[in-house]
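Next, two complexes with chain A in common: one pairs it with chain B, the other with chain C.
For the complex of A and B:
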């Protein structure tokens, strides 16, 4: 059942931190504050903490399943449901990761179009981005991980820049705490899911980890750091915007940068958005890599052949999304699917795995 | 693939991508630095843009273009008809509204455009013009261009004098905040080379409903800004002193729920800049402190009375009450709850230094 990956293609356990965090942290961070505040208002920071706790639990469940079968997602499904059903699930996951790639790239292109160049053609820019992505994946999983590393380390300074909003921050906005009902806060948590989504890619790259037991703490640390960053941003945002103004801004994170004025650069968002390219590039790479990896596992087709094909599919899909409404619909859909997948399906899958394990043991025993 | 091939492909991609977006060369665009709006009769608005023309070894020449329009957003397009180069909003510093326009039509529709435009920063200054915006913009102030002059004038008054913090973000913040109404500074053209900051305008539903004079600005700032500074003259029986407040803080406290009562504690730390009496003795300082305390109390209470009468809340008392009360309903704040609110101002003045002369 276990898949053998050559030692020289595996990654060190601590690098899991970067892959997991990178996958969670991408395009959602630019606009999550508005979406979570829709229901929970200024209490939405509680929703973030709740989601953070939830993600830790799901992550624990993922590790538990992976340890049980010592393989990846396909092995789990084969173990529980058998070969044919696992293929169907596999195809679903291929689509899911393709959709994730499309969302990331299309949203990023949209931001460039709205904030910087109105006349930028979606097709050409996506083509360039996707070619880079394909090039990265050709380097193998280790290169993808390397990109994830740089995608976190290089643009990390941007977080300090949000402190420029402090002179305008009104932390009173957060009071009174728990002014919204529990169900509103839980709805906020649900809306938060697109932002923290992506850690489930662990299910696919697990066999690539050297000494996977040691990687556990790094994965949990990654999830924790994402929660903290979201919390930091959300609190600054809620202090900076009154609730009604927040609801008017599609990308509050970027709007906050509009207050920054430096003698040498008039509008900081331009630098910030350009930098964001570094943040989303590994994101798209990991998603597309996951997709092609599942294809390989299911149909034993070389990744070198599948990656360009999948990239072309993404390119076509990206070019067919024109308006804000369509992009919004797509990200909403991915968010929904991701939510049910992560917080409903995976815990159920864990239960199924444990039952299957018990049944199989009994069979061997008797 | 050979390295040469790779290089050829990469270079050709670079050339291909070059033509992807519109270029904007600084010499071939009109960078608007300020824009002003005037009332132009029933439903019409006229807009004036100000852009500098840079010349070697000379101060920038201030150029203005004006157009009238019915739909406010189309003003820029109409101005475009007179302009040889495309108009770009990227480095705008100030937006001015004529008082007539701001009181009759309101400013909300106009401000929406700036809030929407990703190229416009949130640090943009908004101001009401006592008189005509166009006239003010056609003057010639300072060597760095009119727009820079206006924004420096406001910035200086915020940093060192009595003007409360204000810009586009501050305006939007108080506009969107429930239980708070916005305000803007008011400018007036005195002569062709001079502008004066001559008060603060308060808005309700986007329209100016009340203006206070510069003397009251000091007290308004004490109420609205967490940290403030400024200069104020205090009169005692022995003489007059100019007291510069170095660091003033305020603290709100919801001291009573029904009926609502807010206690505002104001702490002023100041130095004596000027004194017309004979000597600044400790007992004189005591007297000054007392006089100043009395004046802050009296003036602030007066301001609150004005707010109540005009049904505005630029300080944000309503928002404050909401943050201290669970499930507070602000929908009738300005009409009824604000009227029943008691605001108790408790100032505490401390004069620490009296300059280098004893």
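For the complex of A and C:
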């Protein structure tokens, strides 16, 4: 069962690069260094490479499944488990993407509250953010992709600015290599998962790609570039912070910006945080779009009605997370779910899909 | 059998009854000297040229061999004549400057000849889109002349001019112009369909049409380019765009267009590509600067003064020490003053307008700094921003930029730099969603098309302009033989 999307609503294959990378690259990047270094210490960069390789494998599995059924996640589930089970799984994914939206928005609000405006009203600010998200989604998937595109291209200069830390970097921090146990490094990899999460949204927007075969290389390139950026940031961070000091910084990326000094600008983290708005908006839009898209696929409700409703649910959820602990709990939870989903569930689903395909083929054959 | 005849007659009578209320309605009786045939001339004096009637029509009608109405077209040396029996034509023809000839005894048959009076100014130099180099002619109000200006520049049979009439009362003539072999038919159909769908009583200018046929009428951004330069219109048509010329309007319309095109001046094509690319980048910078600089001033001084290095901060603080207002009020006060000056300047005759500029700019500016109402740093910033906003080559776009600054200011006051980025995101989303005649407005930035970047933020040399823009989906994408253009000779050959 393939889903027909009007040709003019589809996106070119190379734009998949931006959507996939955008989903991976969001709020996690501001603070992943501390989390991965918790277990793996300065060897955590090996964890990043391991995760990168893992993501490539999972991505391959996703494409394999999608090609088998030529549809989206719902078609895969229906193909393997039948209609009723697929609905249950679908509802789980709706919740998952809602949680992702809430995490992204709430964490961003949290960062602004810590670094810029201590008494920023969570409700009002989230209201504006979510209204913009709804406005973006109302423009269709092409607009969502467009924001993803600008969300990567425009703030890209930020990465060059990290080089300002080089004069203070102590690359000896990285030595000796491999003085942590393999299990520690693997634990670091697991902790890394929230940062690289999100590429599985491919399962939802796959029918929106023109000529999906061509998009494969772009998706892999996107995943590769995310790994490279994380690696680049992690190495600079580990060189910049001594290991113990790193554990005291919740958002090491932001702390690193503090060192940037130009004749007309100091304290660059203000500009950086403001800029991050451009990065998290498409992020939240893709997640909320995915959520509403699944609702449409499952219950045939118009996205025009679901998007505002889901946004209001997100708004309520965001406003009820008050403390740092709660936000942390939420992002940990999403990270855990994402980890098991991506690295355990999807490979199993691939096996199930292949078996189902064989069985159905045999049935047709006999 | 008699009823339709009678009905026709009463229709005519009703028309004559209404027409004779107007003083410029003429219904004159003449007799041919040779054949003694009596005839009537009917016309609207204000629309017809009396010279044509007196010199080119009457002598022949009075002294020639006029027996029947059918002889009229042969007698008079006027090309545009028509014989008809349809009484419905009368109103339409008379109001287009035609003269009606009727021979007594055979009133059912009508002969029209054209004696239109040509009033209007001569072709002048472009005033809104002035360029130092290049052609110096601009469109005028007469559609005939404007079409002539375009046709002269593209003397091929493929240039199609379709004419429509829009407006129940104004009966405005509108022409759609395109090249048959090049323009995408879908674009032409869109334009034609939208023009035909217009249901309005009167159109007095092409700006009415711009607003009515735009894809999103609730957007401050102009989605169709309007220009007074015939060369720009011809260039657009050759590129594969559709042009619209409206009778009575000195501005032609070109569509589909893109945001980037609205920031390009036609002079860019007259200058060397390196120079014009530089100018384009400057303009782009100017626009960004003009929109963002005041909001950034408000954001940094209200919330993030840590951003500014200590030496610079002390200069800023010193200039603001005596000022009793928060930065937002200060900025709003000055921005509104500048807007007032512009508005006053635009409404006044040129000579008085200049005085207003001097009075406003120098006197109010200096006085408000001396009175301690605004800081001189902000005065510099706002004056620069106003100057920068004048660099937009398309007037409509300039107006949009004037307006855009205010939402940015508001958001900057609310949430500082985050607010500025947030409003930027809203603007960006709006731009991504916009289309011009169904084509993406932000192209080639999004959807990203490397090929079209040749004439976007920079303008590359003509050698690199071998292809028509992708978004126009032209039937004939190649403009020139790319291989020949790119071929290079070896050294010493």
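Here, the second predicted complex is superposed on the first by the 366 of 366 C-alpha atoms of A that agree within 3 Å, B and C clash if a C-alpha of one lies under 4 Å from a C-alpha of the other, contacts with A are read in each partner's own complex, and residues count from 1 in each chain.
Following the convention adopted for this analysis, a contact is a pair of C-beta atoms (placed from the backbone, for glycine too) under 8 Å apart; a residue touches a chain by one contact, two chains touch by 3 or more.
The model shown is predicted, which means the values in this text are computed figures rather than measured ones.
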First, second, both or neither for A:143, with chain B first and chain C second: second
Touched partner set for A:278, first chain B, second chain C, both or neither: second
Which of chain B and chain C A:267 touches, first, second, both or neither: both
First (chain B), second (chain C), both or neither touched by A:132: second
Contacts of A:15 with chain B and chain C, given as first, second, both or neither: second
Touched partner set for A:67, first chain B, second chain C, both or neither: neither
First, second, both or neither for A:117, with chain B first and chain C second: both
Which superposed partner A:179 touches (first chain B, second chain C, both, neither): first
Common ground on chain A, meaning residues reached by chain C in one complex and by chain B in the other: 116-117, 120, 125, 128, 261, 266-267
Touch list for chain A against partner chain B, complex: 114-121, 124-125, 128, 167-168, 170, 172-173, 175-176, 179, 240-245, 248, 255, 258-259, 261, 266-267, 269
Interfacial residue positions of chain C with respect to chain A in the complex: 303-304, 306-309, 312, 415-418, 420-422, 424-426, 428-429, 432-433, 442, 446-448
Chain A-touching residues of chain B, taken from the complex the two chains share: 13, 16-17, 20-22, 90-91, 115, 118-123, 165, 169-170, 172-173, 175-178, 180, 319-320, 323-327
Contact set on chain A toward chain C in their complex: 11-12, 15, 112, 116-117, 120, 125, 128-129, 132, 135-136, 139, 142-143, 146-147, 149-150, 261-267, 270-271, 273-275, 277-278, 281
